[in-house]
Amino acid sequence: MEFHIERAKVLPKANLWDFLEGLRRVSPLIAPVRRGGRVAFSEINDISDVTIDYTRTVLPPKKFLVPYRRVRFTYSTEDLSFSSTFKARQQIIFGIHSCDLHGISILDSIYLKENPDPRYLDVRKKTVLIGISCMPDDFCFCLSTGTAFPDGANWDLFLTDIGADYFVSIGSPKGDELIIELKELFRDIEREDLELYKRSTKKKKEAFRNRKLPDLERISQLIELEYESPVWEEEARRCLSCGTCTNVCPTCFCYTSVDVPDFEGKTVKRVEFTTSCQYPYYSLVAGGHYFKPTRTARFRHRYYHKFVGYPYQIEKFGCVGCGRCSAECPAEISMVETLRRLRGEDEEELREAAEQTFTDRPF
Amino acid sequence: MVKVGVMGLTGCSGCQCEILNCEDAINRLIGRVEFSYFPLAQDSNGFSDFDILFVEGSVSTELDREKLIEGRKRAKILVAVGTCSCYGGVQSQRNDEASLEEMLRAVYGEKRPEVRVFKPAPLSEVVEVDYELPGCPMDKKQFVYTVASLLNGVEPFFPKIPVCHECKLSENECLLLNGIPCQGPVSFSGCGAPCTAQGVGCQGCRGNCDFPNFEELLSIYDRLGLKGEDAVRFLKVFRGKTLPKLKERSVDEKGA
Amino acid sequence: MKKSLEKLLNKPLPIDPFKPVRAVITDVEELAPDHKKFTFSFLDEEASDSWSYIPGQFVMLTVPKAGEIPISICSSPTRKGFLELTVRKVGRKTKVLHQLKPGDLVAIRGPYGNGFPVGIMENHNVLIIAGGLGMAPLRSLVWYVLDRRHRFKEVYLLYGTRSYEYVLYKEELRRLREREDIKCLFCLDRFETPEDERWADREGLLTELIPEVDLEPTETYVAVCGPPVAYKFIGKELLKNGYPESQIFVSLERKMECGIGKCGHCQIGYKFACVDGPIFPLWDTKNLPEML
C-alpha cells in the first residue's frame, strides 16, 4: 500500500527559492530580511533578500496585520459623515516562527472574538501565514509558554526543517491551494520524512535543556498573590519606561486615537497609533489623575496583563516566549528573571530537592 | 483673517527656517492666515495684535525680554518653537556651572556687548507660554498639526512619550545595547527618531519625556564607559535646567 | 488549526463598531459651574428607533475636531426619542464640547459597558448613592426605577456634593423629594450659604447618611457612583450596616479610546472597564488591583 498523507508535503530545500518566487507571483510577499545586525519582516522585491536563518526579528509580523499608525476614519465637520479609505490587500507572510504564529492567534482572539473589528478580519482573511521551524537562543522561552510548536495556532503552511527537506504541514484550505498551485515543487511524504519530522520536535526541546526557563505553573495566581512583592519595585527601578517591551511584543495591542483636523476645519482624520502601558499618559484621565501613577505600577501591569489579564480575557497567556522584550530592553531587564525572582530565589533548589526525594525512594 | 506672528529671539533662526520649509502647509494657510509679523521672511511687518504668536530663541538680552513681553501682551496664544525657547537651548547648558561674568569673559574677552545681557533663559521664565514645540530644530509635522489644531480651536495633543517609541517602531537596533550612548529613553519623541536610525545616539534635543529615569540611564552610560560628570554633561546639552538634580534613585516619587 | 480559531476567520465582515451615528444637539442646560447637560437626538430614524440601553452604560461621543470621549448616559431608557449626557469641562475635548450649541452636530456610538444589573435588582429595595458628578449615571437609574416603580420595593436616593452651587439637576431633585415613592436624603460637604442649608438634610459626608437608610440590607441592591476616593469609605460603611458585598455595585471611570475592549487604556486589573464594567460589584474592588 502506498504511504499517503494529505495533510503534509515535502519541499526539498533546493526548491525553496522557487517556492518563494512562486509565492511572490501569487501575491505580495513579506519575509524576514537581514539589515545590518537586525532582521526585519519586509516586503520582498528580490527573493535573494530573504533570510531563513534568523532567531527573531525586531518587530513581530503583527505590523502587517495592524499597522503601528493607521487612519481609522476621515470625517467631514459639515455633515459628520464618516468614511474610510482602508482596503486590505492580499499578502503572504513567509518565515514566521511558531511563537509569532501563536502571537497572531492571540491577536485573532482579541480582535475577533468580541466586538469583532472588520478591518482586522479583512486583513486576516487576505493574509496567508507560512511558518518555519527554528532553534532557540538564550532569550527564547517558548517551551514554557507552550508555543514552541505551531499546533493550535491559526496558520496556513508550516515548514519544518528535517535536514535535506522541509516537512510542509498544511493548516488551511488557503495553504492547500498554494501547494496545488506550486505542486511541481513538492513531493509526497515518505515514512522516513515522518520519522524525521517527529524527531525534530525532540531536537528543539533538547536545545532548551541547559537554558533558564521560567516555571509558569500557576503563574496567574502567583502574580496576584505577589502583587505587593518588593521584586516589582526592585525591577522597576531599572525600567526606563521606554515602552520597547510592549512595542516589540507580538501580542500587545494598545493604541491611542487622536482626531487631526485640517487647516480649513472641514475634514478631520481619526488617527490611531500604537502606544504602551509603560507610558505615564496611558492611564491619565482628564483632570490630571494617573491610575497607574508609579513606574512600579506600570512595570507590574505588563506582567499582570500578560499572565492574569489575557487568561481572563482570551483564556491564554499573553506571552508567547519569543524573548523580544528581554532581548530589546535597553536596561536588559529579563522577563524570565523577573518571574524567577517572583517565584523565589530558591525555586531551583526546591525542585532539585523534590527530584532528589523522588529518586531516593527505594522503589 | 487669522493673524499670525513669527518672532525670533536669541537663536540660530533654524526653527523659523523650518516654518518656511513647511511649503505645502504655508501655501494652504495663505488666504486663511495673515503672517503680519515674520521679519525673517518678509520686508513689511506690523507688530499689532496676534491670534497666534510663534517665538523662537532663548531670552538672553534686554531687547529679547522687551520684545517677548510686548509680544505676549498682544498675542492670544503664544507658542514657543524650538528647544531654545522651550528650555533655553544649548546656550544655557552651563547656566548652573558658570557665572554670567565668566561666560562673558569666555566669549568676548575684555570687551562687553552693547546691550544688557543675561544668562539665556527659556520663554517660560519671562512670560506665560501656552504651548511648547521643542526640538532642534522643531518638527515640521508637529508645527503643522499645532497650527491646524489651534486654527480649529482645539488644543494640540502631545503625549510626552520617549524617543524609543518611534525608534523601536522604525525597527532600529538599540544603540544602548550596541554600546553607543543614547538619550532616547529619557527624551520626548515626535521627531521620528532620525538620529538613531543613522546610528547616532539621541542627543535629547526635544527635552524630557514624562517622568524620565535618568538614574538608570546614567548607570547604563557608566557601563558603556561614559562616566560621572561627562555623562551628566551629555544629558545637559539640550536639557539645561530641565535636567533634575541627579542624586539618588527614586522610583515612587509623584508620578515616577 | 484549532477549530475555535478557524471559526473566527470564517465569518463575514461585521458592521464597523467604530463607526458612530450622527446626532444633533437639541438642548444645552448649564447645571453647575463647568457642568452642562446636553440633549441629543439621532438624525437617522432607524438609529433613533433601535437605540436602547441600560442605566450605567456609556457612549463614545465624537466632539467634532477634538476627538472621542466616553460619557455615561444620564437619561433613562424608559424615556425614548432622546439621549442626555452630563459633561464636566475638564480636558481638551470637553472644553470644545462645552462650546457647542443646540443645532450643532456630533456623532455617537454605543451604548457600551455592562450597566447596572437592573434585571436582578427587580423585586428588591434599591439604594442609590451619588457623589458629585456621580449623580449623572445614577439619574438614569433613578428614572428607570421610578418609571417602572411597581417592579421594585423601597427606593432611596442619597446625594452629596460640595455645595448647593454644584448640585446637579436641582429642579428635578426638588420634585423628586416631594414624591412619596422615593426617599431622598441630600448632604453637602459644608454649609456656607443659606441656600446650602435650605437644600440639604445634613452637613457632612455621604457615609453619614447611610445609617439613616431604613431598609432591610439583605433585600437591597445598592448602586454607588462618585469620586473613586469615596468608594472605600462608602463601601466600608455599607458593609458595616449589613449590605451584602455582592449586592453593592460601583461605577468606575478610566481613560478610554474605543469602548469595546480594543485599545487597552481602561484596564483595571485583569478586567476592561469598557466591556467588563464600568459597573463592578464591590467584591471586585477588593480583588482587582488599582481599582480605586
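As written, the chains take the letters A, B and C, and residue 1 is the first residue of each chain.
Assume contacts are C-beta pairs under 8 Å (C-beta built on N, C-alpha and C of every residue); 3 or more make two chains touch, one makes a residue touch a chain.
Because the structure is predicted, anything quoted here is derived from the model rather than measured.
*Asks:* What is the chain whose Cα centroid lies farthest from the Cα centroid of chain B?
*Replies:* So the chain farthest away from chain B turns out to be C.
*Asks:* Taking every chain's C-alpha mean, which one sits closest to the mean of all protein C-alpha atoms?
*Replies:* Going by the distance between chain centres and the overall C-alpha centre, it is A.
*Asks:* What whole-Å value do you get for the distance between chain B and chain C if each is reduced to the mean of its CA atoms?
*Replies:* Measuring from centre to centre gives 43 Å for this pair.
*Asks:* Could you grab the centroid distance between chain A and chain C? Build each centroid from C-alpha atoms only and quote it in angstrom.
*Replies:* 38
*Asks:* Distance-wise, how many Å sit between the C-alpha centres of chain A and chain B, to the nearest whole number?
*Replies:* Centre separation, chain A to chain B: 38 Å.
*Asks:* Could you say which residues in chain C touch two or more other chains, in rising order?
*Replies:* Residues 65-67, 92 of chain C touch two or more partner chains.
*Asks:* Residues touching two or more other chains, restricted to chain A: which are they?
*Replies:* 256, 258-259, 261, 265
*Asks:* Quick check: what residues of chain B touch more than one other chain, meaning two or more?
*Replies:* 152, 154, 157
*Asks:* Over in the complex, which chain A residues touch chain C? Could you list them?
*Replies:* 72-73, 75, 77, 79-82, 84, 105, 108-119, 121-122, 124-125, 152-155, 171-172, 227, 253-259, 261, 265, 268, 270, 272, 277, 282-287, 291-292, 297, 301, 304-305, 308-309, 311-313
*Asks:* Of all residues in chain B, which touch chain C in the complex?
*Replies:* Residue list for chain B touching chain C: 152-155, 157.
*Asks:* Can you list the chain B residues touching chain A in their complex?
*Replies:* 25, 28-29, 32, 145, 147-149, 151-152, 154, 157, 159-162, 164-165, 168-169, 171-174, 176-178, 182, 184-186, 209-213, 215-217, 220, 249, 251-252, 254-256
*Asks:* In the complex formed with chain A, which residues of chain C make contact?
*Replies:* 1-2, 5-6, 8-9, 11, 13-20, 22, 62, 64-68, 90-94, 105-107, 253-255, 257-258, 260-265, 267-272, 275, 289-290
*Asks:* Show which residues of chain A lie in contact with chain B when the two form their complex.
*Replies:* Answer in residue numbers: 36-38, 40, 57-59, 68, 233, 236-244, 247-248, 256, 258-265, 274-276, 279-281, 290, 293-296, 328, 330-332.
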